[in-house]
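Heads up, the next two complexes both have chain A, just with different partners, chain B and then chain C.
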Partner chain A sequence: MIGSLWNVIWNSVFSGSFWYPLAFVCLSLGVLIPAVLVALSRNMVHAALWLLPCLVSVAGLYLMLGAELLAGIQILVYCGGIVVLILFAVMLTHGLGDPDVRVHNQQLLWGVVAAMAVAGVVLRLLSQEIWQSGPPVAVSEVTGRLADALLGPYVLAFEVVSVILLAALIGSIVIARGDAAPEPGADDSDAEAGE
Partner chain B sequence: MNEPMVIPIQAYLIVSTLLFAIGLMAVLTRRNAIAVLMGIELMLNAANINFVVFWRYGGGQGMEGLVFAITVIALAAAEAAIALAIILNVYRRFKTVNVDQINLMRG
Partner chain C sequence: MNASLYNTIGQWWYVHGLPPWIFEAAWMVAMAALVTVFVLLSVLVLVWLERKISADLQSRVGPNRVGGRFGPLQTAADALKLLLKEDIFPAGADRVVFWLAPFVVFVPSLMVFMVLPFGERLAVNDLNLGVLFVVAVSAFPVIGLIMAGWGSNNKYAVLGAMRAAAQSLSYEVPLVLAMVCVVVFAGSLRVGDIVAAQREGGWFILRFPLQLAFLLYFITAMAEVNRVPFDLPEAESELVAGYHVEYSGMRFAFFFLAEFAHLFFVSAFCATLFLGAWQGPWLPPAVWFLLKSYAIVILIMWIRWTVPRLRIDQVMGFSWKLLVPLGLAAVVLTGIVKVW
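What follows is the complex of A and B.
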């Protein structure tokens, strides 16, 4: 119901050959410019916050491609979970912006050269004739078909991922807790790690 | 979704390539381990965009692209949790999170 209403609004207002490329250009710039700022920002909190518009724009690209469920998951998991986790980690360590501390290592030049080389090679490959694709196929009932696929032929991958998530949850708690509190009477040579 | 889509597939692929290169640059050049992790997240997002693009512009019958993308997102969440826990532990041990100062195998 809401989906069909949305389709009507979308088709009547935003269809046509003008708005769609405009939205694509805006979302692409919204992905790439914050990504550059993530890579270059001196303040770690700013870098973590610049991750947000980048990930939201990626969710917008998913919406343009017709993967609504994936856009929702992207916003929930990345923007709501991972960015907050990264912000916590930044604040628990002393990664806050200090203008005197170098934020890039000695291989800044070679790192940029390597990244540009990778981009150049891939972009050169993308200009080949083989990538001249036709128009995208029309899709419908994406979420329902995705659910059928996840709990049908790919249920093993689904279950394995859930087990991995559980293992990662327990493992991250165990690792982040650090050394257990020293037993009374024991040698407290590692007491500096206590909470 | 029957709106006219006039975006060529290469436009999406160019965006994801540039995003991957930016993430690679962050991984290779940042000193802070958390910033390296952010670069990894950018690279994972670039790969995810490719999965969805090839799902949409490909055959259109199967849902493998979206299944892969969802799996990648779940594994990225697990990886971020584990990596940040390790970074916290390293910070507790070495009092730094700069990857070029963490050069001892034993704490």
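What follows is the complex of A and C.
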């Protein structure tokens, strides 16, 4: 029994079919474990930094699915942009690095109810889907087709998204400006206060 | 040559019935080792070059003892010194973050070398989305800098890290816009295609709207590698040394290596995007590529040792108020010229 199992594993290692599932498992754990640690870290900077392996593993999953463009954008936008911005925001908050910061609150019951509800909906949807299995189909010129789709049938959605982003941008500038006249080098003094 | 070598060895491997993935893995390790050795040697040369150029520009002699009249082994001696130095962890440091930061900075600086074309088909891996790969991977070191600054538990380090992050994020926007101009003009994100497009119609720096993109790329690249006039993150007179002030020995050397590796990379990528990469008469392609790269490196060093440092608000304003609009205009202009 154990001998034949060993044979199956060894043959799959030898032929190379062993690595795809292994990579999937590793990347999935790379998404899930850091995601849990993001929620459980008491140190807020650590929580923000745990996002990094999580998001990189998601990019790895994209790569496994043959979506190189999406993986690149994921790294560029999420790891290079969003995590840095979150770190910035965290460094401007109070109680940074305080080991007594509470990560739990009194809403345990409602939290569990909400989590169960979301899990139920997700599982329901996942079980209804008919899943294709097998290795990813190589599609040539993915980038070009994506560009054509974005500027062709989906151009309206694309433009709506950009207008929303523009509104968010203007709104944040208005909030950041406040009532007082803006002082030069405001970023620096903020950084000092946060530290 | 690279691709043909790969095919030759690969075929031998298949003929002998060995599992292909071992060959693939061994090939990757070998290429990674090759890139690492190349980067380490380049950094040795670059540091020596930096010292010689700064000495020349300041009417000094520079290194002139170790290894002969021009001190070529000075950097090797320094590397040896850094290797032997004590590895200090500050008492209040966030140990894991402090320990990880140099790697988060160093590894992406090596990874981007993968797409550099040293000749026709002579890149480690000419990725389909090469330019996007470069942009994405280059975004990583910023997090390493923040980790270094935060992990050191030192106010100068945190300030340096905040500045580095703010500056790097701001200058990434015009840098990407400059690259978009080139991509639009060449019609491909693959580095090999961009070089091929320059072979047919002349170097991109000589084609009409791309001079603007070149200028943008050059300025933002200087900011991305934190060189004067944009060296605010490590402004010695204000911040001691910025984010790496608490680092010593080999950990400090990692930051140093990453910085010079990045300097060489932005110069080499500039040569790739605008100066026709490896193309040139008489000399072998790799020699042309290195010559062009080093020309840009020397230009950046020349500027570094000539101009004074800006203030942080000037640096940020310059990017958002001037370079970003210019970059957008350059993209529109390139699009118009390309279609027309």
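In the analysis below, the second predicted complex is superposed on the first by the 134 of 195 C-alpha atoms of A that agree within 3 Å, B and C clash if a C-alpha of one lies under 4 Å from a C-alpha of the other, contacts with A are read in each partner's own complex, and residues count from 1 in each chain.
The rule we apply is simple: contacts are C-beta pairs under 8 Å (C-beta built on N, C-alpha and C of every residue); 3 or more make two chains touch, one makes a residue touch a chain.
Just so it is clear, the structure is predicted and the values come from calculations on it, not from any experiment.
S.K.: When the two structures are overlaid on chain A, which partner does A:Gly66 contact: first (chain B), second (chain C), both, or neither?
M.R.: First partner only, chain B.
S.K.: Mind working out whether A:Leu156 is in touch with chain B, chain C, both or neither, as first, second, both or neither?
M.R.: neither
S.K.: Is A:Ile75 in contact with chain B, with chain C, with both, or with neither (first, second, both, neither)?
M.R.: Only chain C is touched by A:Ile75; chain B is not.
S.K.: For chain A, which side has the bigger count of touched residues, chain B or chain C?
M.R.: B
S.K.: Taking the superposition on A as described, I'd like to know which of chain B and chain C A:His46 touches: first, second, both or neither.
M.R.: After superposing on A, A:His46 lies in contact with chain C but is clear of chain B.
S.K.: Classify the contacts of A:Ile130 with the two partner chains as first (chain B alone), second (chain C alone), both, or neither.
M.R.: Touch partners of A:Ile130: none, neither chain B nor chain C.
S.K.: Applying the document's definition of touch, where does A:Ala114 land relative to chain B and chain C: first, second, both, or neither?
M.R.: The first partner, chain B, only.
S.K.: Kindly list the residues of chain A that each of chain B and chain C touches, one partner per complex.
M.R.: The overlap between the chain B and chain C interfaces on chain A comprises residues 14-16, 69, 73, 81, 85, 88.
S.K.: For chain C, which residues are in contact with chain A within the complex?
M.R.: Counting only chain C, the residues touching chain A are 19-21, 94, 97, 127-129, 132-133, 135-140, 142-143, 146-147, 150, 155, 158-159, 162-163, 165-166, 169, 172, 189, 311-313, 316.
S.K.: Would you pull the chain B residues touching chain A in the complex into a rising list?
M.R.: 1-15, 17-26, 28-32, 34-35, 37-39, 41-42, 45, 48-49, 52-53, 55-60, 62-64, 66-67, 69-71, 73-82, 84-89, 91-93, 97, 99-100
S.K.: Touching residues of chain A toward chain C in the complex: what are they?
M.R.: Contacts found on chain A: 14-16, 19, 43, 45-46, 49, 52, 68-69, 72-73, 75-76, 79-81, 83-85, 87-88, 91, 97, 143, 184-185, 187-188, 191-192, 195.
S.K.: Hey, which residues of chain A end up touching chain B in the complex?
M.R.: Checking each residue of chain A against chain B gives 7, 10-11, 14-17, 20-21, 24, 28, 31-32, 35-36, 38-39, 44, 47-48, 51, 54-55, 58, 61-62, 64-67, 69-70, 73-74, 77-78, 81-82, 85-86, 88-90, 92-93, 95, 102-108, 110-112, 114-116, 118-119, 122-123, 126-127, 131, 133-140, 142, 145-146, 148-150, 154, 157, 161, 164-165, 167-169, 171-173, 175-176, 178, 193.
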